[in-house]
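A short write-up of the structure that comes next.
Naming follows writing order (A, B, C and D), and every chain is counted from residue 1.
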């Protein structure tokens, strides 16, 4: 039997805050309580008030408590544009929690690139990780700064406009090559970022990295088979086999 | 009030999912009681497992979507386990199937015929995404006649035939299926279409082309249903762009006896249950029975 | 930079209106200089005047429109007066025509052949709105072959053949037209569709069904163009759902040599001129010639 | 040659006033001057910012002066809903002036039902008519009241909530049966209203009524042939043969 926990919600976006240039935080009031979820889970959100886009969009759960769900998104296309601009309150349909989640082990490291911070943020704040690395493009994209610093996160920007200058993957690399114990790493960020981490994983033998992957989705829970991606071991469904995978399962041994 | 009969099957209501958009049905357990649906139509199954097409497999368009899943499925053996789980539901279980050859169609039919939980077989002769599969079969009335006839020989269960709209002679094909012993015709599968990414100059789908579904196709499929209803005597089940009660009413008015909801399941996983309620409310408001609606078009 | 050659015709650019959406062209004088267009394609004309179909004749849909104009036209005699007014423009005048029989097709072709102002004939074998007309011709390769051959006998002008997409064998038809001597293939006309008014339970169009055009049909027509380009050697002109420069680029990338803009003329009467500019800007930005784009799809 | 006067405009809706329950007045700033137009002419308006509706919509010219065009519309469907609700400023495309116009004779009568007032209003205010009749459904629909009264218009509402009680066509009838001279009447209103006027015309011999007709349009200037309606004399195109026709040409002798 399929694990029975997802459900459909009617939501009303009641709050929207601009975090940086094109990144927004929204608060969605739900028609019922959001059941327990795990870090890495996502929801499918449908803009039912619009005739376009036709399909829903996946968003990581940033926070969910009782009847309020919080998401963070970057404006990249049709749906995110509307979410950023339509007058509030604004009604949406959504379903979740969906997908698998990040592993929960002792002394894990955590590394996030840009929006990849979203599904990891709450667990960072809860102190789940031994070390935290967060990278941004530039200062404008740096959000929730104080709380990250409080947790001792290492922050870098590609252009050095805040924190260390350079790709966060390289700071992570510097740190990890000195680790003696086997380390489990959870990662979330763009595909290029995950690919680089995989290279690091292959070089530094004693780590195992789990990354959260993105692709276009229609259903979000394994029925349309539209989100399949090719891996050395065959097709996997990002929505229901993932979105969290061992990097080696996606990119190869 | 909503009950209808299709061949030997009684349906509580005319609503069922379209194959491939509802998994095995079990994935929707969280969203509603499957027993309340007129039928559950499962994802297309074939004799052997199929890995499906190269990603990307879906692309969204202004008023529809393209998919090139390529009939990925676990094969009839593993599928049988899933079938057993569907026993728990008091509804008709319709199994959509296809083959890469005459023999495969017949082999799968034989196996499905032995399963009590299966109420009815839905033969897909229409998927445009695989070259060996359906498409060559789907557009020749003679081939369809002989395929349906041979499948009917190996199963006592009702057989529905799901047609491709990618043909100029859908009425002849529907007639051929009827004459060969089909219990109902499902009209229609997706329209072959494509999208080009102008940045990369590559097709947006890994498979180059795919099946076009959603609101955009409704006017064309509605016309196909209208034409076939006039020429065949077995029930027509409509599939194409059903998103709201108005779409349902249009199909029933032109003469469809039941409807399959496909792409709309992705925009609202509870849509089938919502539509059952909407239709009930509509009939009560208008003081009608469902049979007053079916084929009520005024020309 | 935008010049292309189609058969014996030189076009300043690959843009022209689709027949029936641009009148005779003269109605658009207020919106732009007709001489700047690659060609002007006039509304379908037949031997005798035609009153067309019963209203309502148009219905708007979420991503397209249905029309059942029924090829209303003033007949070839009166049309000749209009042709004379088009002399003033320095562009190709393409006359779309149809007949209710072989003889009518040939008769009209003869008359058009004698008019200097006519650069090229566009034969419509595809309009789904009249029963006697195109549709019976449009889906049989043998009939098309012989029709095109016979028309070619009575005209020295280039002959374009505009196909119906309401068939499963568009490639065979395109080939038949090519073999019979067509200079180019126009792909495609509208898709037959319908709409039911659920309040009145009547078809929304007086003619019951109509031709479906607009953004909704683009993915399907794009696929047809893609398929035909691979199989025929004469130029393909694309028609179907072109609303913006991205649509144009997609058609050119799959291999169309020119494009016809139809329904979009109703949403912006200056769209053809706007698109010419957009394409020019695009080619300059990318430092390309139009021939670098045509058929540049990467598979 | 076709009369060359229509042109395409980029417009920005800069003002919007609610006149009554579901009737709005909008001011549209144009990118160039609106050329001279005649009473009865209309424009085609396309909501270019929306993916739906696909097609433009016809609206009578209420007023046009220099670079400002004014329209009045009733909310009945998709386009009018958006026009009534989208945040301003709001960009549209429009073309016109289109169609023929009302006759201009001496001592004409004018009769308008509901929104039919729009194309006639300015000519009423200019004192073009000998007598003016205006009917509304109810008090809520009565707009521009004072100026109509100033012009001595007879006003009725179907429910008597303002002015005379009853259909305006019947007050017109009472008045016209006593006329001795031949009267030209210009009329604009719903189809049922025009039909009733036609019945009156057939009964009262010495009048000739011109009415403005509505239908669904795609182009607005005679190219799509979509707006055709059947008349005893054959098909006519509402957009370019009309929208103003002798009632007898539409309904029969």
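Following the convention adopted for this analysis, contacts are C-beta pairs under 8 Å (C-beta built on N, C-alpha and C of every residue); 3 or more make two chains touch, one makes a residue touch a chain.
As the structure is a prediction and not an experimental result, all values here were calculated from the model.
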item	value
Rounded Å distance between subunit C and subunit D, as computed from the means of their C-alpha atoms	36
Whole-Å gap between the CA centroids of subunit B and subunit C	34
Centre-to-centre distance between subunit D and subunit B (centres being mean Cα positions), rounded to whole Å	49
For subunit C, residues contacting two or more additional chains	61-64, 215
For subunit D, residues that touch 2 or more chains besides their own	51-52
Category of the chain touch graph - line, ring, star, complete, other	ring
Pairs of chains found to touch, sorted by chain label	A-B, A-D, B-C, C-D
Residues of subunit A that touch subunit B when the two form their complex	1-2, 4-8, 46, 48, 51-56, 93, 95, 215-219, 221-230, 234-235
Subunit D residues within the subunit A interface of the complex	51-52, 87
Sites on subunit C touched by subunit B in the complex	61-64, 66, 139, 166-169, 191-196, 198, 200-203, 208-209, 212, 215-217, 219-220, 222-223, 226, 246, 249-250, 253-254, 296-299
Residues of subunit C that touch subunit D when the two form their complex	20-23, 26-31, 43, 51-52, 54-65, 67, 69, 72, 85, 214-215, 263, 265-270
